[in-house]
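One structure coming up, written as structure tokens, with questions to follow.
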Amino acid sequence: MEKKSSLPPPVLIPELGHLFYTLGWMTGTGGGISIREGDTIFVTPSGIQKERLTPSDLFLLDFHTRSILKAPTLPVQPSACTPLFYHCFQLRDAGACIHTHSQNALLVTLIYPGPTFTITNQEMIKGIRRGTHGPGLANTDTLVVPIIENAPTEEDLSDGLTQAMSEYPDTCAILVRNHGVFVWGATWEKAKTMTECYDYLFEVAIKMKQLGMDPHC
Amino acid sequence: MEKKSSLPPPVLIPELGHLFYTLGWMTGTGGGISIREGDTIFVTPSGIQKERLTPSDLFLLDFHTRSILKAPTLPVQPSACTPLFYHCFQLRDAGACIHTHSQNALLVTLIYPGPTFTITNQEMIKGIRRGTHGPGLANTDTLVVPIIENAPTEEDLSDGLTQAMSEYPDTCAILVRNHGVFVWGATWEKAKTMTECYDYLFEVAIKMKQLGMDPHC
Amino acid sequence: MEKKSSLPPPVLIPELGHLFYTLGWMTGTGGGISIREGDTIFVTPSGIQKERLTPSDLFLLDFHTRSILKAPTLPVQPSACTPLFYHCFQLRDAGACIHTHSQNALLVTLIYPGPTFTITNQEMIKGIRRGTHGPGLANTDTLVVPIIENAPTEEDLSDGLTQAMSEYPDTCAILVRNHGVFVWGATWEKAKTMTECYDYLFEVAIKMKQLGMDPHC
Amino acid sequence: MEKKSSLPPPVLIPELGHLFYTLGWMTGTGGGISIREGDTIFVTPSGIQKERLTPSDLFLLDFHTRSILKAPTLPVQPSACTPLFYHCFQLRDAGACIHTHSQNALLVTLIYPGPTFTITNQEMIKGIRRGTHGPGLANTDTLVVPIIENAPTEEDLSDGLTQAMSEYPDTCAILVRNHGVFVWGATWEKAKTMTECYDYLFEVAIKMKQLGMDPHC
């Protein structure tokens, strides 16, 4: 069901970086993108403006050894999220991971002070899969997204992330309180369009709360 | 009164898909576009990113037999909305139909829990026609848009849609609760600009409610 | 103090139409733009998508006789606002007029139910002139924008507009309730940047009201 | 850690002007940008549309004498903010300064009526430096941004700005009530990405207030 992408990751990732900047998901150098192609992991560099990425700015890492196969000529490091992206690739068989600092993601972690975001009876829930390779949810299913607490560094999120992955085997996203969200999918198209669906549902939940309604029912 | 479009549907539809994605109406592969040209129906494929459509991604269907005249090389299906688009073409003599997942459309179905959205005394009401081929409404007319309940699949919306078309012969749009809106017009320009007018009026109604005002008067 | 524009009006107006569509000021074919160059008035056609205008879509009218010097090949009429634009050119010596359906303009006419919008102590007030050719206002001045009531057709706004021009000789803008705003300036740059300043101030006033604050002080 | 920019300031500044216009930070000719390169200061002209800047519109000033090395052919003046930009260059060793009229900046000065904006426990705080050349803050640090009162002209802000710089040696930004914000950094990338982080945090604080939450804790 997917369009064969003619774009190799070094071309595609800068294009997505520009789009996600425009959507307000990756401003101030925030966020990150990683795509797996066979045994190669492509990952954005740390601290670089996402809307100005070029193909030569990306890191290529080995899927098995995590060693750097190719580094930019800039004095930069791979995204601080790299260990988290590897959890998505290795524990959930993802083909791509996206980490955004979307304000919608941040704000739902505030209006849902507990360990999960939930919403039901929304058409866009059908855009989310049950696990990386599962079927789409029904619009009447309750979408559950675990929320983990923020930590000083991205690496410190590692335990929280793997624990949430283990407790919520059906989820394709994990929210980080006061921070943002990680979304993964079997392909970059799935990861990207599910990030859009999740963000849409976060935004709808916020607007419903503002209008005095309950997104749970 | 209309500009002769120099763009054939296979060029125009991807252009509109890109625009509607930017407006937040077709993110996460949501929504769909269909244009009739003589006996040919052009329709977007299901599950494909709307801002990345190319001319070769579109389906061409026969207006009378609904058989596929031309399919993309991708392993995709025509939009799940295709039966609904056909209702617009056959029951309302539309030249084009647009289905959006606009959050404004979704939210008005929540602040209007009954069977219709209504608004009056707004200039932009003049951009809406009384039926597919009728004259424009007056700004002092009350615009009425029927709201039907959502269903598990787009096809399950068929009965609700045809019933609303029959009960509200003057409408050029039908809202679907927790989902979005279908808008049709005599030409693609009419369908597209009326979608803009409807969406504008939905947004104004939401903002008026938030400011404690009543869009009905 | 102004950049000599190298763009003739037939090139500039479509460019502005595209920008203003993007800002949400001219969706659904709403709004209009008119520029005077010597004895020639350039004006947008009625009912045409503003983001898709081309140079050949514009009308050229004679400043003195109002007769059509050049018409598009399309079967279209000059903007229904043309008589109102002429008031700006003839009564206020404007070089350009812009009419938007900005939701900010519409909403301030609702939260200010009286005959004027007022705001003070805002930096952006300094971007507004005292009359078409006057000096800029001070940030501590109170900006006053008259609000006239809407009418069935644009032409029916004529009396209200001229009366407001006469009662408020310092204004460069007139709001129309439930409709939008007319802004004029000595040049297209002044008209365009003042439209931006007015719209910014309308938006700030709405946000202040939502936060429980008073834009008057 | 920074990408070697291949863009000289006369090319870069118009590009940033266009971007910042799109973000709503520099509409109506508001705001300004200045970059230092060795002993040369590049600064935007006053009263010119920021999204239409061209390389030849910029002023080049001498860092030491403040004399004009190169002026546009237009009859324009350097940005009225130029003396304030010099404070950033000379008192804080900045490499670039950005002044926006962002509505988020304006609105936080209203919901924080005291002399500072503060926020804590947000991931994006990590994008802000402790002083022009210091390390990044921790997400659990409290970000403090001084707010000075507005004045009739930009030059009248000079005393307030230098006093705030002296009282808050760690800050890289100063808010101006009912006006906007000044942000500086060691390089244009730092100034630009920190402006994004500050603006993001201002916006989050406003949304938290609207949702009845306290951004201080």
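Every chain is named by a letter (A, B, C and D) in the order it is written, and numbering of its residues begins at 1.
The rule is short, and it goes like this: a contact is a pair of C-beta atoms (placed from the backbone, for glycine too) under 8 Å apart; a residue touches a chain by one contact, two chains touch by 3 or more.
Small disclaimer: the values here were computed from a predicted structure and weren't measured.
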{"item": "Most remote chain, CA-based centroid, reference being chain A", "value": "C"}
{"item": "Between chain B and chain D, centroid-to-centroid distance (C-alpha), Å", "value": "43"}
{"item": "Chain A and chain D, separation of their C-alpha mean positions in angstrom", "value": "30"}
{"item": "Two or more partner chains touched - positions in chain C", "value": "210"}
{"item": "Category of the chain touch graph - line, ring, star, complete, other", "value": "ring"}
{"item": "Set of all touching chain pairs, with the criterion as stated earlier", "value": "A-B, A-D, B-C, C-D"}
{"item": "Of all residues in chain C, those that touch chain B in their complex", "value": "27-30, 46-49, 52, 57, 74-77, 101, 103, 106-107, 110-111, 150, 152, 176, 178-180, 206, 209-210"}
{"item": "In the complex, chain D residues that touch chain A", "value": "1-4, 121-124, 127, 138-140, 189, 192-194, 196-197, 199-200, 203-204, 207-208, 210-211, 213"}
